[in-house]
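Remarks on the structure that follows.
Per-chain residue numbering starts at 1, and chain names A, B, C and D are given in the order in which the chains are listed.
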Amino acid sequence: MVDRLLNRHGAADGQADDPVATVWAHVQQARNLKRPHTLELLKYMADEFIELHGDRYFGDDPAIVAGLAKIGGVRTVVIGFQKGQDTEENIRRNFGLPHPEGYRKAMRMMELAERFAMPVLTFVDVQGAFPGAAAEERGIADGIARSVGMLTRLRTPVVVVITGEGGSGGALGLAVGDTVVALENSIYSVISPEGCAAILWRSGEQSHQAAYAMKVTANEQKDLGIIDIVIAEPGEGAHTDPAEMARRIKEVVLEQFEIHGRLTPDELVDARYAKFRPMGPFGLAEQPETPPERPGCAGWIRGILFRRPSLPQFPGTRRAAPANREEV
Amino acid sequence: MPVRLPFRPRRDAYPADLWTKCPGCAEMLFNKQLDKSLRVCPHCGHHFRIPARTRVAQLIDSGSFAERDGNLQPVDSLAFVDLKAYPDRLLAAQLSTGLRDAAIWGPGTMGGRPVALCVMDFFFIGGSMGPVVGEKITRAGEYALAERVPLIIVSASGGARMQEGTYSLMQLVKTMGIVERVKAARIPYISVMTDPTTGGVFASFAVAGDVNLAEPNALIRFAGDRVSAGTIGEELPVVPRAEFWLSHGFVDRVVPRAQLRDEIIAILSMLIPPSVGGQAESAAPPLARGRSILSAITGALGADNSGESRAVEAGQSRGENSNG
Amino acid sequence: MVDRLLNRHGAADGQADDPVATVWAHVQQARNLKRPHTLELLKYMADEFIELHGDRYFGDDPAIVAGLAKIGGVRTVVIGFQKGQDTEENIRRNFGLPHPEGYRKAMRMMELAERFAMPVLTFVDVQGAFPGAAAEERGIADGIARSVGMLTRLRTPVVVVITGEGGSGGALGLAVGDTVVALENSIYSVISPEGCAAILWRSGEQSHQAAYAMKVTANEQKDLGIIDIVIAEPGEGAHTDPAEMARRIKEVVLEQFEIHGRLTPDELVDARYAKFRPMGPFGLAEQPETPPERPGCAGWIRGILFRRPSLPQFPGTRRAAPANREEV
Amino acid sequence: MPVRLPFRPRRDAYPADLWTKCPGCAEMLFNKQLDKSLRVCPHCGHHFRIPARTRVAQLIDSGSFAERDGNLQPVDSLAFVDLKAYPDRLLAAQLSTGLRDAAIWGPGTMGGRPVALCVMDFFFIGGSMGPVVGEKITRAGEYALAERVPLIIVSASGGARMQEGTYSLMQLVKTMGIVERVKAARIPYISVMTDPTTGGVFASFAVAGDVNLAEPNALIRFAGDRVSAGTIGEELPVVPRAEFWLSHGFVDRVVPRAQLRDEIIAILSMLIPPSVGGQAESAAPPLARGRSILSAITGALGADNSGESRAVEAGQSRGENSNG
């Protein structure tokens, strides 16, 4: 299956007969309950790990784990989503769906990292923030916003590894880094395929179609410039050889720490800002005015406004530069 | 005051372009009167959603707003098709709203004070935030940062725009990135949440104001109905509106539309030191080493001449000290 | 009564026949429900006041009010405890007893004050933090500790006005300033007299005695160097002429803002630290060793260790300098 | 291992100086064995309260602790009398504990790393904090700041010492003042809460560690029983012990006494960059402008020679770049 997915990405040569089904298989792979999570990967990657607990405001969110680690001898702050290994642990960890406390704990750890000159490593694998009442009323929106904001200015290297599902704002809260890495079978999306289908198709049944339309796979996201590095998974997927998976991640992470660590804190923060600043393409109309509200000009407007990237450029429209992406 | 008719005619007696039925109290409201009351029902206080340009006109000093980056337009970078193709959705929205995307921004003045104002428009694909909206908010923030003028963002949004995928998600990073820089530069940022402010907009710049204002009864939430219904999360016992967030600590003030402009002006006059004479005011410069706090409190060059007598005295006595 | 209290402080000339009863009358005056609280005083003092709400974590504590004010034309951040004017308001405001949210709201306002170069004015009138379960489990201790800590480093002038009860850590959370002012009939204590009596006398009945022993009155606290300025109250107390009370407070506060505002932020923070650093006297034994654990030397140790301030200095003991206090 | 007797003799058969009854499991424990197990019950894990000097000996490298300011002694500045005169209470405490007040501090080393250690003693008037305790904590912090070594404070306290009135209250300000400065200087501060840590000690330095550790089952609370009983506050449904605060987000780790020293050493080895060769390590210097992060991550002068090969490589390659 992995090979098939690779082929699908490598060339649209028709080997994958049903592209929607292929993407859905990829989504299922990303969600495989046996995939290694933060603590399992650390078991292989870290020389030593001391988990720290609590947000210093309300609680300790078991869906996000964080602590101090030595990885290849490098002192590191690690923060990651944590699903359970079995039903009991899944219930205790709220199926890996975080409350605001999780992001606030993460921010406390980021602050420690900055203060004690430790790089930050995050592991991202979450369908989205917990959508329940308790999370909402204690400010899950605020927790995500501030965590994202803090990451845009944190004066120490941040490497993000998307290991499974990178789902919407809940994932983004820990996914702003100098390098965003993704495992080959992982996905990244603005909303879960189910959520997208429910809203746009008004039916959860269309989640396969939604996943396809959103281009959720790691390699598609790399092509879009959202992800910097895709790490190939061993065997039939990360869960079949977590030790080898961890070894590959560790190699990439340490290399990235070293690259970003060469900068001064000012240079680093400027570079991170410059990385995300141009993300998201848009067009520039030569007409500074917005379209007039009159009938009959639809074709004219359509001609000016919508140019698929693959089509030749219409004279009246310049496409902005695509998102910068540094191959590291 | 609304026109009250002596009797209630049949519904279809109201021409749709002249009358609007209030969803709050079911009263039929004469549109011209409704516009005069800033599209707030005079009977029940229901705040109707309003287009971005209307909002700008309500907030800004007349004639002072100069829209910027009006030529930014969305592209269909994912070639996204759901029940409709994304370009068709965009076109329909553009034709019906007269906007290229769901936000406009520009410099202007409020009560004579220069500001950078960005306003979202819910009528454009539910006010959803894709790259163009994120770019406009970011540029408004960059202008505020460069010119040292307050940043004011009025939100009205269903969240991130799914049709532009993770590019839309990245607008949360862009907007929080500039908000953090505006804050670090000690420039005031006032966020105004209007009905509705949800999803990724609530979970980025909208929640992050130095002062968060909200219109009465505005729906404000992160997890949408349809999204959370599909998961294990239980629903909130109440619909989370502006007043809910006031008591839960995320909104500073719930402000009726009629007072919104005056409140923003009043808050800015608190957060920004007075300047000299009739000159335009600007945000406080960073406190410099070796510079007294008083000089920052009272403005870079002293106090203005309107009732700031103590501050003037203070400045004078300081001057005497340094001469003595 | 005010005159009697003044006399009592002015000279121990026997006019106050029962000193314990006199102090208790003072405590009752400090607790008089009619005394003006933060919002009432602001009505008279502020040209304009915009209340802001919420801690951005959990809630908005009605027992602590905060906002932006212009006082004598000076842009100011005001934070203060707020008891109710009647039973209904008292219930809504939890009888003025704060939860952690109150201190977190206060810290948010302090941060605004620092960032926008506004001096901070706090009004203190609280028996102590709310001692209930909700406050405890959401970290009232953390809220107080961090609020105190932030005030020790805030780079803008802070003037504290104790208007009624300054009770223990709950009060202290808002009571660290460049100048600590107290109204004449206010009290300040490490614990409420009732709490002190319950612990030391093992009986709440002895609260009068405890209040006397702790030297809780404003003028006694001024003598101890804890309070810098005592403002005389008009008529029979602040509640009998709140307008005049507010006028006197405003005059002192604006003068203090001006004095502290002349400093640079570094100078100001250093001066505030230097003000609190020496608070609390202690002795220095010439013997560096701690007392040996053997019987029969009690008298010798007693002679070395305990010198009442009024007694002549024993050669083996130097008393540390009393707490610095600048008369401003 | 404890001595298990084949039968249980009558209580008075145990000489009090040889045996201690465990309040956790009611087992009679042989004192010498109990000392060997760091005064933790081998049957039920009950952590007995221990004197400050015992704690120091358990934590610090043998012989490395040099007590400072042992001559600080309390004064009766309020001439305070309750059921007893304060000087009499002090004297009794001094005679029974061999301490002048409820805390001792000094520099020392843990695992070879220099630290500033301050330990409270609950047996001295309930470990209450007056000016002497506050002064010692402050001086420990000042030493940590001056020498750039980690600050470690072990709390055991009933709160502020009432007999020294608001002077005791001001110790919350002094201690938080120095804690804020230690943190701003990027020096690690580890707080260890032991049974009990309550009142003003919990509400100042004890809660404010970069890392907060607590011993199992330690009582930790702000509002004391007798205090809250006299007011309108309802009691907590459970007694708030270390594990309660772990789940409520204010304690990072609950650490059994046998692991405490090793955990502190391990945490410090994470928070402090390695130094060169056999030299004493110190906390990270502030990140300077123009200085790469790597140099801070790996220590001021480079990496040590024990398994930090990547860091060394990084340092070298950086050197090559700047030469090229």
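Quick notes on this one:
One rule holds in what follows: contacts are C-beta pairs under 8 Å (C-beta built on N, C-alpha and C of every residue); 3 or more make two chains touch, one makes a residue touch a chain.
Note that the structure is predicted; figures quoted are calculated from it, not measured.
The chains in contact with chain B and with chain C alike are A. Looking at A-B and A-D, the interface holding more C-beta pairs in contact is that of A-B. Remark: chain A and chain B have CA centroids separated by 29 Å (rounded to whole angstrom). With each centre defined as the average position of its C-alpha atoms, the distance from chain B to chain D rounds to 49 Å. Mean C-alpha position of chain A lies 40 Å from that of chain D. Counting partner chains per residue, chain D has residues 248-250 touching two or more of them. Across the assembly, chain A contributes 56-58, 138-139, 142 as residues in contact with two or more other chains. Chain contact topology: the protein chains form a pattern that is neither a line, a ring, a star nor a complete graph. Touching chain C in their complex are the following residues of chain D: 70-83, 87, 90-91, 94-96, 98-100, 130-132, 134-135, 138, 160-174, 176-177, 179-181, 184, 199-200, 202-205, 207-208, 221-224, 226-237, 240, 244, 248-250. Taken in their complex, chain C has these residues touching chain A: 56-58, 100, 104, 138-139, 142.
Of all the residues in chain D, the ones that touch chain A in their complex are 183, 186, 188, 210-212, 245-253, 263, 266-267, 270-273, 284, 287, 289-294, 296-297, 303, 307-311, 313-314, 317-318, 321.
Considering their complex, residues 95, 97, 127-133, 135-142, 144-146, 148-150, 152-153, 168-169, 172, 176, 188-192, 194-196, 198-202, 204, 206, 209-210, 213-215, 221, 224, 226, 273, 276-277, 279-293, 295, 298, 301-302, 305-310, 317, 319, 323 of chain C touch chain D.
Those residues of chain C that touch chain B in the shared complex are 47-48, 50-60, 68-70, 72-75, 101, 105, 112, 115-119, 155-157, 254, 257-258, 260-266, 268.
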